[in-house]
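In what follows, structures are represented as structure tokens.
In the two assemblies presented below, chain A is common to both, partnered first by chain B and then by chain C.
Moving on to the complex of A and B:
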């Protein structure tokens, strides 16, 4: 049985819980798997630490809390510091590179400037959607089509197009990053032979 | 001998030097030898005076083969004639190959007066060889009809572009590149002379042909009179009436474009493609390369430009992003130069052939690096009513789209750069920004704009291979001085023709090294420095 444990973490107000909900819904309603969502935020929910715990599984999920995340997506330093040591050795660590400093992390991680990209698109609040696109591309935790449709169905009416644009931006960034790693590994980093 | 009948229909043009070989030819005539009837002899003063344009002209007119016969190397009465002839023939043969006409249709010979029999054998041998390739697929273009009265057409053009709304403010003349280069020239005066019915006035016509169509007047015009397009349409009318072209370079490029209007020509447009470039004949993306391969061959001996780099580096950049585009072997000239020198009929033929070929290929997106080609595809083809089942993207837009996806960086470039805008992109298409976004991504030592830049940039001095004169040169000199003033050491360009024209001015012996600055297309600069991060 394939089981994925995901933690998305950040400040309250970044849309962390929504991101978790989109991921879980895409897995269950779109990809026809099982999923659960636990949201937790401290007393300082507006601006304080916040995290969403999602489990995606092919079979029944008996316990909805994340014990050892396969995927950590961190959009704040506090969240990153809290969970980074729990991530499985073969798991993915994803960060917003402008919000999180990895400081001496001795393992591989994937960085995206999601907040900056969202600002460039005109709305800082779409950083979470960019992060979802990035998670989808890098980890393939949910399928592209299901996730994109769930994004479209979960955001306020009238903002679908904009959010899909943000999602695509994150997704393209993720693909580009993977491609860059492949290319560098195969020794073709430039355009000239 | 079954080919004899077919060979009889061949049309062979013989350019014959009047000094050595003509004497041999005369002996053949005197001895009543059977000079093949297919050969039409043109007596010329020296083989070196037959330019590439003249060597090519018979092919445009439907000749099956051309022979240039001069004197042997070292025997030339004028010294360098034979050597020049060798170079011209070699280059023109390469051009014939690119066009798909086969280099074998053009041959150079050298005979002294004592060799009549050898000359005859040479001619017979050539006919055999051309016979083996067959008739030329080129259909002789029809001469344009003569319209005696074009006042109605002119009136329609004036209305179409609403030239009446000219307020005679004179902003066009104060901005016009030619006027600023010192020419007695005023777009406003031309417009009003034509409105006043003086289109047949020799001075007005001269001025109509002199316009660079760079579009800075339109950029400044408060009434938004599209003067370049107005001039373009007026040219189409006066050209069909008088067949005047005002072409530079002996009209070579006009001939070349018109030759490509024959549907049966199957070109070899990509026979030079370097091996490291990957293309894929089933790709949904098509790269339209444009005429740069011809430029590099044509100007090889005198300017040695490398405009082809912009094409191959565009392809390399596409490959970098894992796009292996399809290319069309029988890609033709986009027709830009014919359209802007008044030959609308042949422009339409080329446009139709290109659009049909691309539609048939099933490509969904066409990427173009040449600014003129881009303008023509995006503006002029749809205006001509062609149904294009594909979208057109400029290479700068493509690059911005791909690079903005992320993980791409640029190695530092140890140069101080400045940028030459192309009139077609910066003004006609209002696309000065994409190139600047790309420039901002580079990491050169410095990037300094010239005094006039973006939509207000100074033109490279010529358009559509026509109307080159001392004022063009003055403009180019002025532009290069601006480039030098930036203290830069690399002039980044976006149009192959800017490179050809500016290089021409740099080669001026009177200026020595004063104007020299290295030039490189933006795509080449990017291909050199781009890397995955």
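Moving on to the complex of A and C:
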């Protein structure tokens, strides 16, 4: 049984739960897999630690808490520090590079300036949607089409176009990052051969 | 305008699925007071009831919220409220009023860790005994505990059906994790949903005896305003509904009130067995903790341990006979619940020392891990 455990973390107000919901819903209604979304937050409405735990599976999901994440997407330092050591060795660590410093992390990770890119698009609050695009490109946790459609269906009416633009920006950034790495890897292989 | 039954495939939280279940069951009145983690039930009802011609009222507190749904039900509307621990405490007095006046209604408790205001945004199952005995006096109550968003949709319909059939308040004892967790929910077509309506008063209006036993011990009910002579009181009353301050009246009323539930437990109690046929050890669980239980059974089986689970869907009345039957053929049991031992006491009572019974409990704020359950079975029973 294929099972994928995802944690998206940040602070209240960044749209962490919405990001988790988009991923979970895209997996469930779009890709026709099983999925659960757990939202954890404190009593304060903004600024407190916040995380979304998404499990995507081919089969029934009994225990809905993430035990060992395959994917960690961190949009705050506190969230990164809390979960980074739990990520599976072969898993993905994704960060917003302006919000998170990796400090001596001895493994591979993927960075995107999602908050800065959202500011450039004119709305800082779309950083979560850029991150969703980035997660989709780098990890392929959900299909491109299902995720894009779910973004469109999940944002306030009248903002769909703007959010799809943000999603595409994150997705394209992820793709070009992967391409650059492939190139580098094959270049190295060529040099060694 | 959306219809009452939102047929289709959805990705929704347990709280929203609960509200949709209520609407599918025919609920037309919600009186509530917001509280984390139950607010989303009220929020959904506030959006949805006006769309289908129903009424949503935010009351001044939970005492009034409970009173309002009793009043609405007396007027003939299927009614519901939702709350969490602190509000559930305030509802206890009027819950007793619904019991003694035999007013059908549904009360949803999305449990969070207590006591008092506790951990508002984190789940627990610490109100299970309050659900059983929280209002004063002797009584029977029906309480159901869903394990998923899909199940809370169906159990809320069931809760309304049982409330109408037995003229009693029915409790949905869910928790923050189920309430706030999003999952796929499939809502069927309206005609595929079975709903039950209370038996209505018939015959001469001046001869109506509003508390005379009908089928199953349940009196037919007249709506306020239908023209039947009715009297509704929290005092001990006779078949006419008039206060009767005698031992005989108390005896007759209580015999029927308690009897209509106790004599029909076979119809009311629902449970589900998972890999119990050949099990040496049984997990007893309910609600969100049953998800820990399912995972623990699967992981234990993968390690060659013969573990099964009895999942209580109706927690009250308690599935006594089933637990006694299991106790006669297994080597041990564990109760898995997010409190420090509530339903566990009932399991111990029913097992009555035939086999060892252990609690895997937790004071709340998180789910119990399947590993803890397996470790307990290993340590306590030496497997």
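By definition in this document, the second predicted complex is superposed on the first by the 184 of 193 C-alpha atoms of A that agree within 3 Å, B and C clash if a C-alpha of one lies under 4 Å from a C-alpha of the other, contacts with A are read in each partner's own complex, and residues count from 1 in each chain.
Basically, contacts are C-beta pairs under 8 Å (C-beta built on N, C-alpha and C of every residue); 3 or more make two chains touch, one makes a residue touch a chain.
What you see is a predicted model, and the numbers here were worked out from it, not measured in a lab.
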Task = Once the structures are superposed on A, label A:179 by its partner contacts, choosing first (chain B), second (chain C), both or neither.
result = first
Task = Scan A:65 for contacts with chain B and chain C and give back first, second, both or neither.
result = second
Task = Have a look at where A:21 lands relative to chain B and chain C in the superposition and call it first, second, both or neither.
result = second
Request  = Based on the superposed arrangement, let me know which partner A:38 touches: chain B (first), chain C (second), both, or neither?
outcome  = second
Query = A:29 contacts which: chain B (first), chain C (second), both, neither?
reply = second
Request  = Indicate the residue numbers of chain A shared between its chain B interface and its chain C interface, in ascending order.
outcome  = none
Note = chain B contacts chain A in the complex at 276, 313, 316-317, 319-320, 322, 405-408, 411, 526-533
Remark   = Residue set of chain C touching chain A in the complex reads 9-11, 36, 120-122, 177, 180-184, 291-292, 294-295, 298, 366-367, 369-370
Query = Any idea which chain A residues touch chain B in the complex?
reply = 112, 169, 172-173, 175-177, 179-181, 183-184, 189-193
Key: Residues of chain A defined as touching chain C within the complex   = 21, 24-25, 28-29, 34-43, 60, 62-65, 67
